Every structure is written in C-alpha cells, then in structure tokens.
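Look for chain A in each of the two complexes below; its partner is chain B in the first and chain C in the second.
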Partner chain A sequence: MTVHNIRVGQSKRGDASDGTLAEAIGGRLSRVDGPAKITGAAKYAVEQQLEGLVHAVLVESTIASGKVRVIDAAAAEAAPGVLQVLTPDTIISLKTAADWFGTPPPDKPYCPLARDITFSGQHVAAVVAETFEQAVAAAALVKVSYDETPSIVDLSDGKAGDGIPIDAMTKEWGDASTAFASAPVRICAAYNTPREYQAPMEPHGLVARWEGDHLTVWEPSQWLDGMARTYAEWFGIPFGNVRLVSPYIGGGFGSKALALSHGAVAACAARMLRRPVKLVMTRPQTFTGYGGRAATRQTVTIGADRDGVIQSIVHRGVNETSMDGMWVEPLGSVTSIMYATPNFSSKQNVVRVNSVVPGAMRAPGENPSAFGIESAIDELAYEVGIDPLEIRLRNYAEQDPHAKKAWSTRQLREAFAAGAERFGWARRSPEPRSMRDGNQLIGWGVAAGTYPVRRAYGEAVVRILADGSVEVESSSIDMGQGTYTILAQTAAETVGVPADNVVVKLGDSRFPRAGVTGGSRLAGVMTGAVYKAATSALDQLVGLAISDPRSPFHALQANTLVVANGRIASPRGDGPDVSIAELLNSVGRDHIEAKGDTMPANSTAEDRYKNYTTIAMSVPHTEGDYSRHSWCAHFIEVRVDEDFGTVRVSRVVSALDSGRLYNPKLAESQWKGGIIMGIGQALLEEGIVDRRHGRIVNDNLADYLVPTNADIPDIEVISVGIPDLHASVLGGKGVGELAIVGIAPAIANAVFHATGKRIRDLPITLEKLI
Partner chain B sequence: MTKTTIPVHLDINGHHHELQLEPRVTLLDALRERLGLTGTKKGCDHGQCGACTVHIDGERVLACLTLAAQAEGRAITTIEGLAREGELHPVQAAFLEQDAFQCGYCTSGQIMSAVACIREGHAGSDEEIREYMAGNLCRCGAYPHIVAAVRQAAQEFAA
Partner chain C sequence: MRDFSYLRAGSIDTARQAAALPGAMLLAGGTTLIDLAKCGVAQPDTLVDITHLKGLDRIEIGEHGATIGALAKMSHVADHADIKSRLPAISEALWQAASAQIRNMATIGGNLMQRTRCPYFRDPANFSACNKRQPGSGCSAIGGVTRGHAVLGTSDACIAMYPGDLATALVAFDAAMHLGERKLLVDDFFLLPGSTPDKEHAIEPGEMITAIEIPGSAAARRSTYLKIRDRQSYEFAAASAAVGLELEADGRTIRDLRVALGGVATKPWRARAVEDALKGKVLEPEAVRAASQLSVEGAVDHGANHYKIELAPRVVARAILKLGETA
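Let's turn to the complex of A and B:
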C-alpha cells in the first residue's frame, strides 16, 4: 500500500485556546501526516522500492538555439551497466497530448527529446543503467554536437522586440489617457521582476512501470488526474490504464501540476526496456526542465488629484515566454481591482525568448502585478504627501472596479486596521531616512495583496466502517497545505466521530477524482466534497438506525437521531445510546459508503472527465453577482546598513482575510511560508542568464539564493477573515498563494522609507542601494 | 569484467549492514537506493540544501558529500534511528507541536541538524538557532516554527 494511512490519534493536538475543539473544522489540530514526516516513514513518490528498478539520467542541450547535428552515444553505450541510450532517433514515438485546457492537440508525433533546440537545458538524450552511479557516469560520455544559431536570451536582448499583444488581457473603462493627461498629479514608473524559480526541496522525478498496457507512475503531483490524462494521451492508451501515485509531495509551488517531458522520457524508457525506470532531475536540471516565474516588465502611470484620489491608471505589461510555448503572466490582475478609479487601461504583450516555457509559481500574475501597483501607489503617497496607509484607504474599492460587482467579502479595511495597530504604524515618522538605529537606516513599508477565489469541483468517498471508524478517499493531494488534516476534521465533525477515528487516503488516481491543486482552490473544493459525502453517509447511518427492524432504535419511532463522539442517541435523551460499531453490527452491515461531489446536478460523465482532467471548467471568480477574492495587508520593517546597502527584514506583521480557516494552525504556516518566499523574491531571488549561450548561470541552491533561517525574523500573522459562503461550501477562501502577494512591494516601500531610494527592479540587492 | 566494487560495512542506527558498493557511491545513495532508508532526503546532491543531514559519530554530516566508504566503522544515525522504542525524540515532538514543516521533505535534515545544534550548545537564543540552522533550507518557509521547535526542545533538555 503506497497511500498515506495514519490515524489522527497518533498526533498531538493543537491547543484549543480559541474555544474551538482542535479536531473540529476550524480547530488547531496538528498535522495528521506529521508523525510520518518527522520519523522518515513518509515515502515520497520516487522512494518506491521496486524489483528490477533501473535508473535514467538526462542529457541536456548546452546551446539555446539551433539544431542537434550528431549525438555520439558510442562511449556511453559501452560504459559499464548501461542498458540503453535514448536519443530522438531511438526513443519510441508518442502522440501529442492536449494542453491543460483540453484543447484538441495537433495530430502529430511528440518527441520528448529535442532535435531542434529552443533553449539551453533542453533534454536531448537520456542514459539508462543498472545503477544511478553508472547512469550518471555514462551520461557524461554522451557527446552532442550542434549547429548553433543566434538566440534571444531574455527580455533585455536587443532582438527581443515588443512581442505579441494578448488581447484577452486588455481591461479598459472610462478614458484613461485623457484623464491621466488632465490630472493635477501624475506619476509614471517602470517595474521589473526577474526570472524566479519555485525550487521545491524535492526535485522533480518519477518511477514509471508498465504491466502490459497499464502504466503506473509514482510522481510528485499537484494534479493526478490531469497528469494521468497526459500520459494516457501520449501513449494512446485509455485514461483508466494510467495510475498516478503521489502520497506526499515535497513542495510544488505551481511546478508539479503538469506531466513534463522528463516524465515522458522515463515512461518511454520503461516501456522500451520492460523494466521500471526511475528518473530524478539533478538540481541544476530543475532550473530548465520546467519553467519558473516569467521575467516581467510593467509601467504604471497614475493620475490623481492633490488629495491623492486616483483619477486614472494606465498600465502596460510584458512577460517573457518560450519560442514554442505560450505563458501569459496576467500582470493587470491586481492593478485592475485593488483601487477605485473612474478611468483605467491595462494591456499586455508577451515576448518570445530562448527559454523553457515559464510556468506557474505561487500567485502567478497577482504577485508581479502587485509589485507594480503597490509600489506605484506608495510613490503617489509621497508625491502628494499623504501617509501610505491613508492613501490606500482613500482609494478603497467598495466594489470590484473592473467587474462592477459587489465583493463577496473584503476584509481589507479590517486588515489594514489590525495590521497597523499591531505593527505600531501610527508611530511611523513619515520622512525617508528619518528613522535609524546606529548605522542602520530603518524603514517601515505597507502594501496590500489579493488572490482570486478559484473554484472547481471535487469528489470524495466517505465510508463508515464496522468498527465505527471513518475512511475518506480522494485523488487530491497534500503537498504541505494540510489536506490530510482538514479533510479528517471535516469528516469527523460532519459524521460525529472523534478525529482519531478518521483515516484519510489521498494521492492515488484510483480514488474519487479531484481537479488541479493550484490557484489555492483545493481546500475549498475538497472540504465541500467531503462535507457532502459525509453528510450523505450520516443520513444513511441515521436512516438505518431509525428504520431497520433490527436496530435498537426501531421501537423509538424517532424522526431523527444525533451522532456525536462516535455514539448514536436520541436528541431527547430517551432510548438507547450505542456506538456506531454496535449499531452497524446490530443491523448486519459491515460498512456504509457515500460518494459526494460538488459538480452541478445533471453533470454527464464527459463533464466529469473534463472537470477533473482539464482546467476548462474552473468557475470564474466573478460568476454570478459577486467578485470573490482573498485579501491581505503587510506591514514590514527593514534595516538597511547605510555603508554597505545590505537589507534585512526585521519585522513582519500581516493581517489576512482568507475567509473561514479550516485549521488556523496550518493556515498560519502557509501564510508565513508565502511571506518568506516573498522576502526571497524581494531581496534574493533572480535567475541570471549567460548572454552568450542563454544558460541559467546560478542553476543551483548555492547560487540561486532562497531565504535561509538566518534571513527570516519572527513573523506575525493575524486572521481577519469571516466565513464567505459565496466562495466555498464551508466559507473558506484561498490561503496558499495570498500571503506572497504584496510582500515584495511592502519591502521595496520600506526600503524607500529607510533610504530615500526607490528600487523598481527586483531583487533589491546592495549594489542598487550604494 | 574487472572488479569495480568493494565491501563496505556500515553501522546504521545500531544495525550492522554489509554492502558491496562501487567506491563512488555516496552515503546518501547507499541509504536511499541500497538500504531502503529513504527518510534521509536528496534535495541537491551538492551539499547546498541540508536535506540529507545525518549524524556520524554524533556530528551532523551531509550524506551527499560523504562517500559510503568514508563512513565505514563509524556510528551513523539517520532520522529512522532517532525515536527510541517508539518514543519520539523531543525534537521530533517539538516539530509536530510547533508545525515546523509543511511538505516534510527538508524535515528529516532539519531534525537531525536541530538535534546536533542543541547538543553543540548552539541553541542558546533565537538568533543563535537561526544562524546554526541556516544550512538547512526549507522552501515551504517553516523557519519561524523551526526556531520555536528547537527552542522548545532545547529548553526541555536543559530542564
């Protein structure tokens, strides 16, 4: 059994200081998958021990543009232990799979090893050997020669051009340019973000095994059903023939949602060799084997009156994409909703460069978008001489300025108030360079963030077993957000059993289906599905107890019964009081099972397949009468060494509105994680491109700097959310992506307050300050 | 074929293992690929992330930068060997209580580092903990909770 299978009772409880029982929905139950993770017992996908397992290692292109002339594999093939060298000429042919929207693909073969090179680090060959060491050594012997052609290395390359307009990104109302021209106060600035990388601690990889025409893939996955569909389409086999198993995921941050070319290589090798194949990317390969966050450029112009009230926003954005793929990072997403403005224009282009196609990284779109608008409004605040917090309240959007719809809930004003109070914002001296401690300049900055409530549908099975325990199954996943835990809490509270008695099984595509774990949607989707399934199971249980002639409650003629703490009784307190196990035994049942889903009634099997294997059926956040978003306000203190320009974040207070929290202990952890990744983005993270060959120079964890423990101060997070039943069945809004949004501008704003220097180009490194 | 492997005797978590390995096999790959001890994680294979931290003769060591043969005759402790007779080590218990991890992939290394950090006497203040735990990266960003867990466990040891 490869799935996670731990009983809640093995873990310690959180405290119940807020009055909520730890194991109820909203309680601070400790992670139920925690014991497995702290003892090393949790088996991650590529840790399966299989008989006959062999190892594959990728060979990558060393040029960014051109053609492979010759691959000389002779030395590699002759090396000890080598079973096969796969090249574009020897690998089996696959079919092209549909993209994640489910768009029908072109009817042409797909080869996961490239002859035509469009970026440095593209997979061109793979070596399979009996041992990992033999495969690594032999891969180094593969000689690839190229016909190199000039490349466009990044957005600042002179050959890059203006790119392709993406009309779907255009958002306009009023007459933004006229209003800007006539505004008494005008600011205009350009904001840049570099390539950034998800860098999950677990590298991407997989174990692939064929049994006849059935493929099993153990692979860290944010989307089992979507990836299973891709594998099935590549190999031209039925969807049901592919099983994806992903019990634990060592971090994803957007990067593990899609089946990628290295997965195709491993599955091909396994098919060709008729042996299970393990392929894990090296850390450098994780910088080119899939895309990080695209580099972006934005200009933000704001026209305002002298009181700082915005009259017009004109926004133009550009992001990079690859030569043959299309990634749009929606740069106007926050710009268009954060502040009330009568006139607005946002447009975006996409520029092709010789890079791997960029991908989703924590809050794609919202994150760089917020860096632009939340920096710009800070600039406006200084221009008109108004406190940066006050100017945000003065331009507060009482409804969605773009969709012209009411917010479902927007506790942003409450977030500003709670954060400012806790941070001590009122004690801020407004002038830049006016606060210091010795040779450290101190700056206080504020910025807001937001993330839309993305909704989709999910299924779950809830079983009440003969021993009175409850089992939950879903093909959704837990990559650290706490899915195991919150689904245990949901089932426990809904059925009426102690959380100790719930086992949650996730991460196997054989279980009832779930869509992508991305866009902060899973908790809302899956608590809804489990709630429905558990309610249905409870109804069956109570129905049996009332109506089955063998039930001890049969003579009672009750209309309903109460199930609590694993026992069934009459709400009036008369009659018997028996355990669930006793009842099931008395009526001769070994289990009760109910499937629940949140799909619209009358959904067809085709609808369901499409929903779970593509993102085509995601519900827009502005569907119906409301605009649904999470919100947050960040207050940050930095200390800048006046001589050396080094920036340290010394204090963070963030107040966040994610609606109802299913488990505050785990939500706080995710929020802090987002804040910390935002500190990395602001101060450290930048993919550096070699201008000759388009290589990522710092493609490792020593040179691509992510925050370390020593970079991070204490962080205080405050929940200001209220249940939002327009957002999800149980009232939660997104948690995982929200908190990173607004961190980088809050830090840039604090750095300006400390130093008087406005840094509009991330990361904020010392050479930009001295 | 010429003989390319050597016998390596490893003492891991109090158990003796006899392996026949190529000399180039790292301790990390010996643990994960040969012995099924997958609690020790591979994050970078270059000594940059700390996920593979184990103890050799009580000191924290990066298993990816250590050849298996170098560990011969020395006492190796991995995350699987930390709990004694089913009782969690106080650092493990503190990590669970403080929610000092999310995805769990860096956690084994963090815990092994934390045990050594306390033993070294480097858990005297939050600042010191941050500094001496800085070699173990956590991309989920559990750092403040890791500091809290190390602080809590250190206080339990001191009490």
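Let's turn to the complex of A and C:
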C-alpha cells in the first residue's frame, strides 16, 4: 500500500532570485514531486497492482432520452473471462448520498446504472472480466434496446424554454432599468460560451477493494474526505471504514472533486465479486461520464454617460443543466463587483437539457461572467471613444459595489499600471484595423479578471522525528499546483530545519483532514494548518529543551531557544548548540508530534466532520468587514490573418494580485496554466453536439482541441499582490483559478481591435472571421 | 475477446501473399491501424507486420526525382536535406502533419492508407449508419455535424474528407506508387466515394505499396505546402494547398503551375482548372486570385463546412503568390 512520501532533497532547488531563500515561504523552490513525475517513479492511483485485480468496462447509452427496454447480456456473459455483467437489475442497491452541501438526501435507493436515460453516454451496464481486453470485447457484446423519446439538445433547442429562475443568483441595487432607459449611451449585447471540458491528461478511474466492511479506493481526487463520505453513505458504512488514496492527480481542473457514478459501479462490482476492481474511463467517456463547463448565454446592457461613466448594468444569464441534476454557473459573479455602478440588476435562469450534469471547471461562474462584462465594457469604450484601459479606471470600484464593503486588498489599479507599462499599451493605435504586419492585422486587447477568496479550515500533523527530520501529514492533495512543495517550505521555515529534512505525506484519507481542493483555497487553508501544527511542534521541542532535566539546555534557565537550520541554541549564543536529533536523543524522545488546525476553537466533532466532508462551512468571502478577492489584468496581442480568419495570440502580459505568494515560481506556473487554458477557451474549445442524436461528436483529444505549444507565445506574468491577512493566515489569496478569468474577453477585445469584428460567441474560430 | 493472429513477414512477397487473405491487414507504423482498432472500426483477423523488411525505407533523390521507400518514416523524409531543397512541398506537407511522436512512427506507405477523420465513421457504437464502414447502411454525417467534411468530390453516400497532407503534395507533382508489378499514379490510387465509399483505393488484393516515385521538375523545386488550420500544430487542415511554380525566363510569366488542395475534398484534389487558367499568364495578384476561385468549382457545402469554399481559393492564391515572391 503506497502512500507517497516526498522528500524535498530529491528535487533540484529553485533559484532565489528574489532574494528569498528558495526553501523558505515565498522562495522559488522547484516542485519537489517533479523528479518522481518526470522519471516515471510517481505511481498514480490506478497503477495499483493488487492480487486478484479484475477489470470493469462501462456500457453507455447511445440515445439521449428515453428508457432502457431490455439489456441482452447473454453474449457478453458467455464471452471468455467474463465474471459478471452488471445491469440495473443485477447491481447491488445503494443508498442515495448527500450532495456536496451535505443536504440530507432523499431516502431512496441509488443505482449508478440507469434505466431512465437522460443523456447520451449515460452508464447503463458494466462488464467485469479477468483482463481489460476481455472486458472491452465483452462490453461490445452487450445489446441494449431502448424506447427513445425526443430530447432537448441544448440551450438553443426550441423545446428548451426559458428555464428555472434561480432567485439566489439575483443581485439588485438602485433602479437599473430606469437608469438604463435614461442613460445617454446604451449598449446591449448577448455573449455565449459553449460546453467546455476539463480534459485532464489522466482520465478518471479507480481501483476499489473491499476487506470485510472496509473499502479502500485508489482514485485521483481533489477531495478525499468528501469522496470518502459519499462512498460511505452509498454503502451505508461508517465514514471511517472508507479509505481514499490519491497520491498524485494528473490534472483535475474541478472534475475530480466528487465521487461519481463510475466509482459507484466499480465499488459495487468489487463488493459483489469479492475481488479488487479497476475501472478507467476511456477518453470519449470523459466527455459524457461527468460534466464539463455548462454552456452559457448572457445579455449585458450598460447605460453610461458620454464620458463612459457607468450609470446602470442590467445582466441576464442562463446556463444549461441536466434533466435530473442541478448546476448553477454563477454568471453575475464578476458583473456585480468589477465596476462601480449606482444601479444594477442581475438575474439568472437554468435550463434543463439532455446532458450529463455540468460540473466545476476552472473558475466556474467567474470565467463566463467575465467574458460577458469584460467584452461589454470594451464595447462601451469604443462607443464613447475612450481607451479600453482608461474606461476601466474611470469606473474603478473603490469598494465592493454589491456587498458595500471595503476590499481587503485590491491591487487591480496596480495591475493595470504594471501590465500596461510592460506591454507598451501607450503605443496602441486606438482605431480598429489600424495596426498591421503584412497579411496580418494586429490587435491589442485588455480585460480584467477576479476570483473570490474562498476559505475553509484544515488540519495537519507535524512530527519532529528522532533523526531531526520533520514529517507533515494531511489528507489534502497535490494535483500539480504544488501542495507538497509549499507545505515543505512552511514546515521548514516554521520549525527551523532545511527543507531537505522535511517529508510531506498527502493523499490519504487516514491523514489529518482537509476540505475540497477547489475554489483556489487549499494553499491558504493548508499553509495555515501546517504553520499552526509546526509552531506547536516547535513549542514542544523548545519546551523540552528548556525544562527536561536531561536536556543540555536545562542548566541555562533560558526563557526561549532558537531553532534554525536543524540546530538548537540560545538566542544569545551563550550555551550549547546541538542538533534536533541530539536533543531528542538526550531527552529520550523518539519524536514530537503536534496536530494543528484552523477551525474555530469551540468546534465540535460534528462541525469538523461537516467542514471536511461538505462545503457547507466555507466562509463567505464577504464575511465581516471586508470583501476578499484576487484580481488580474491581462494585456494581449493577437495576429489575425484576414484571408484565413485564423487568430494567433502573439503576446501576453498579465499582472496579477494573489496577495502574498508562498512560492512565486509555482504561482507563476499556475497563472500561466490558466492563461493557456484561457487561450484554448477563446480560440479552440467547444463540445459540438449532433442535434439528431443529442451527443457530443468531438469526444476525443484529436477533435476537441486544446492548445499545443505552437499556439502559445511567451507569457509574462507580474505579481502585484501584497500580503492580505484578512484573506488567510499567511497572507495569500487564491492563485489557481484567477488567471483564466478575463483571458477570453481580452482575446475577443484584441480581435475586435485587429479586425473591427466583435465576436460574442466562443470559440473565435476562423469561419467567424472570414 | 477478439483474437487475431500476428505474422511477421519474411519478405515482400510473403507479406503481399499474407495480406491478400481475407481479414488480413498490413502493419507498419501502426499509428492509424491501432487507432482504428481501438475505436472498433478496424477488426483485422491477421496482422502482417512488415516493419522489419529490409530496403523499404530508402530515400533516393536526384535530378530525375525521388524514390521513397514505403517504410521510410515521415520524420526522416521531412528532414531529408535533398527533399527539402528539391521537393520542399513534400517536406512541408510532412512536418506540418500529425505530431512529432506520430511522425517518428508513421511510415510513408501507411500515411497514404490513412483514413478519414469523419467522427461518424470512427464511432460505430453510437452511429450505426456509415456507408464507408457498412455499405448500404447510410451516411450519418449528412445532416449532422459537418464542419470538417468535404465540399468537393462528395456523393449522396459519403461526404467524408480525406485528411492527409502528403498525398495532396504528391498529387500536385504527378507522383506514382510502386505496387509490386505495376505503377499507379497517386491521383488514381484514391477513389471518389460515388456509391461505393467503402472502396477507397485502387489497390487489389496481393498488392502492397513498396515505394513512392516523385518526378523532378522545376515546379517541384519551387514549391510549397500551405496548411491553414484551427490549431497551429497537431491538427488537420481546414484547407491546404500544395503548389509548385515555374516561371519563364522573364521572371513573370507562368510556364508551369501545379495546384492540389487538401482538407476540402474526399480525396487529394488536383486543381487543374487553376493551373490551366494561369499557365502562360503573367503572375499578378488579381489574376491569381480570380483563377484560384476555379479550385472550388462544383463545390457543395453541407452547412457548417461552407467556410471551406471561401477559404480554399484564398489558400491557393496565397501559396501561388508566396512562391512568386521567392526568386
């Protein structure tokens, strides 16, 4: 049973060009998990080789709406190696689990295989066989017949209707419609974003094994405790009987936070067969087995005076959801806070279509919301003849216009200034189509982005071991964003040891708990928890050194001692100087252990369980006196070949405010990743549905296009953040989701500047420009 | 489980004989075949592995032209110094195709056997109708998602686009393939779908591509392959043009012109009407643009692929004009 241990010394040190020691908090330590990944030593969840392991393959619906009439499994059951064919009739019954808010579920059975079909690609059966190849071949022999009914394909389907109003999304102040009607300058436009998919390199999958009433699941996970709770509730066993192990995650982008139906199928199969079962989705199944980003439609109207000062914003949004699930993509999230406006109205509906329930994908809500408002304000800038950067400054929100609270920190003005300076914005020729290089029209666009500081609580154990090394344990995870690395830095600096001497263990639900790794919250939560645990461990160490009669410091009668670089000494340097290992040896201790958490002091065990296994206890970003957000400004150059309609991004300069950076190298990497994903969203990504079948046809990575290296220019990112202690214990704000927000509108705005064509439907493909 | 037998051919003749048996397929780089087997389209009973046959990966090039063995890797041909200098369109078509990893594996012969990317063809589980897969079953693409489908050479039975780049360049320069006993023009090797879209190539059982022969010419020396696509790399053409140009001694009059289109037709599409319209004419932008419109004569769109009819002539014109600028 492998739990991954990361020792910092295995990796090459980052440089310390900013003057900070690489391994301290704020230093540019390279990813400590990097060498294991690039050498192949890193063992991912589904690479577990277990005795007696068998393989499950899913059978999916080929219609989008209707009922399964009959499943003929005879041929599959007779195929070589087949152990069982699971259908709604043969699979064991589960209980319905609570949703991620912890809402008590209806008391009815849950079946992860469907009889009632609400989307194409729904799991209807599964074949388990001794080998993967046998299971694949037999799955093709399962014959499913259906009674098909008409489907609602997408938001543009005539049968889709206006949808369900989501009152909780309504945000209003002033009198927006009256103010709009009387505004001297009015713009109104509709902005659409298509279905987009997380497309992680590592597909979803798991290995499930039962030992009596205990279930172990090796599965890539952004949330071990939440997924363990779901498995426990499905099977009606105690939470503590489920162990989730997820040492590495090959990309999640929001898609790996929940236990999904394929996981239930594999765990059922393992229970029924009393054998460990492995189930890995095919690439096409990753487009239908769980949800990507919902398609959205927004209408943004802005009323302004002739100087471009906004008087009113009226915003209406719609996103799609599934027939039987609810997903709300909060489209008014950026609209309601980016600019100062005395009058505002935002409302949102969701529309049911025959699709898998959409899910979280990098900056859900803020991402499409920014495409609307950041395109619209650009349109306003041209309407009133004001520079697109200037109009943003003219409408700068000095406080949160919705919550009417002060920003905890908002370095957006600084971001605009730093980005514009570096990009050379002042040299921009204002007229569209006025910059050209041979066949290529050149366009410069700007857009802002933001993401709220989502906060929760976490716990960690820090151990100081007999050899002087330090061990950190947490059930949080590292999906590439750098948790292993920054927690090593935090423990190293707090205890006072070299980062080489820190081992970080993550990705096992038996470790001290953590909530979801989503909403860009983990670094703030876990550095806080590790800081507290490490401080407590250090206090114990120093306490022992001072008070234990066997300690060499005992005679010194000191009030405190200093621990640095793995050695203990008195602050004045007038006493002994011994290593941590020597001290522990002299006082006869083999380790010191401290658990730290960031929960409120009077929290009950129930509070803790709820905090770590649901999102019900997330702290609102507007709690107390402040409104807390990360901010960014993107400056982008595109080159458009007008004959061909092709858009290439040739330059990106982004200035970002994520508060204090625990490791600038890793933060920059995440920002760049978000920017690259945003380029894909702007120019390439779109799930294309066959309207007759209600099925996505580009369900693979050759046809669903994400950017290649050739599509990405050099990207320059500039940190303009300052520590924000209202946001987190150590002063950081969210990093992971921020940078994608605003990229698509910045590109669309640049395309308008280049061509004079305003593209309001993503992606901006060539046929929209020729 | 679907078993198949694997045979490692000892010679070209045994390979040809083995591959002539029903259900047998040749295996070279495997980049297409294994992909198609995974999505349930290719279901061979026997794989005849020819990768280790000697002498089939040679690249010979001289004044007369080039002969490229069927097992030469795409990346080797693309990087070959003499191919780059004497047949630049061939090198450019190759390095702009697929990904570096695929080009390192895929062979020239296999590349010519590449099949369509039509999503309906490639997904038998969800779309049972495909005349190419199952003659007479219908065409799921017509009336469906057609953004990537052909506008030229289509029929009521099939609108699947031929996705390759190399063959487009080969067709422009009258290349031929060696099929054992006979030689066949590449242009004649690819068949229009008509009422039999399942029959894609004019190759008979017992025949195997052993080499490609590309005649040398002034137009081939001054040639280019211009590929326009949504994504900058690892992506099929939205429209592409292989063009070769020879000017008279005056440096302005077109003596010879070769034009073939990719990404728009059911097979590599030679645009002789463009060639004929411009041969003997002075190379100037307006005439080139007007003549390039002839490249899509007879084109029929299916809605979402209409842009290809606009795009293709512009790609042709740009490629010709670009060659005209190079001395």
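One rule holds in what follows: the second predicted complex is superposed on the first by the 769 of 770 C-alpha atoms of A that agree within 3 Å, B and C clash if a C-alpha of one lies under 4 Å from a C-alpha of the other, contacts with A are read in each partner's own complex, and residues count from 1 in each chain.
One rule holds in what follows: a residue touches a chain if its C-beta (ideal position, glycine included) is under 8 Å from a C-beta of that chain, and two chains touch if they have at least 3 such contacts.
Given the structure is predicted, the values throughout are model-derived calculations rather than measurements.
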Touching partner for A:A406 - first (chain B), second (chain C), both, neither: neither
Which superposed partner A:P80 touches (first chain B, second chain C, both, neither): both
First, second, both or neither for A:I92, with chain B first and chain C second: neither
Partner chain in contact with A:R648 - chain B first, chain C second, else both or neither: second
Touched partner set for A:T708, first chain B, second chain C, both or neither: both
Touching partner for A:K672 - first (chain B), second (chain C), both, neither: first
Partner touching more residues of chain A, whether chain B or chain C: B
Touching partner for A:A199 - first (chain B), second (chain C), both, neither: first
Partner chain in contact with A:F253 - chain B first, chain C second, else both or neither: first
Which of chain B and chain C A:E133 touches, first, second, both or neither: both
Where chain A meets both chain C and chain B, residue numbers: 80, 131, 133, 137, 702, 707-711
Chain B residues within the chain A interface of the complex: 1, 4, 22, 24-25, 29, 32-33, 36-46, 48-49, 51, 78-80, 82-83, 88, 92-93, 95-97, 99, 101-108, 111, 126, 129-131, 133-147
Chain B contact footprint on chain A (complex, rising order): 11-12, 14, 30-31, 33-44, 47, 49, 80, 131-133, 137, 198-203, 248-253, 280, 282-283, 479-482, 665-666, 668-670, 672-677, 700-702, 706-715
Footprint of chain C on chain A - complex, ascending: 60, 62, 79-81, 120, 131, 133-134, 136-138, 140, 284, 439, 643-646, 648, 683-684, 688-693, 695, 697-698, 702-703, 705, 707-711, 765-767, 770
Chain C residues touching chain A - in the complex, by the definition given at the top: 1-2, 40, 117, 119-120, 123, 125-127, 143-145, 147, 228-235, 238, 306-307, 310-311, 314-315, 318
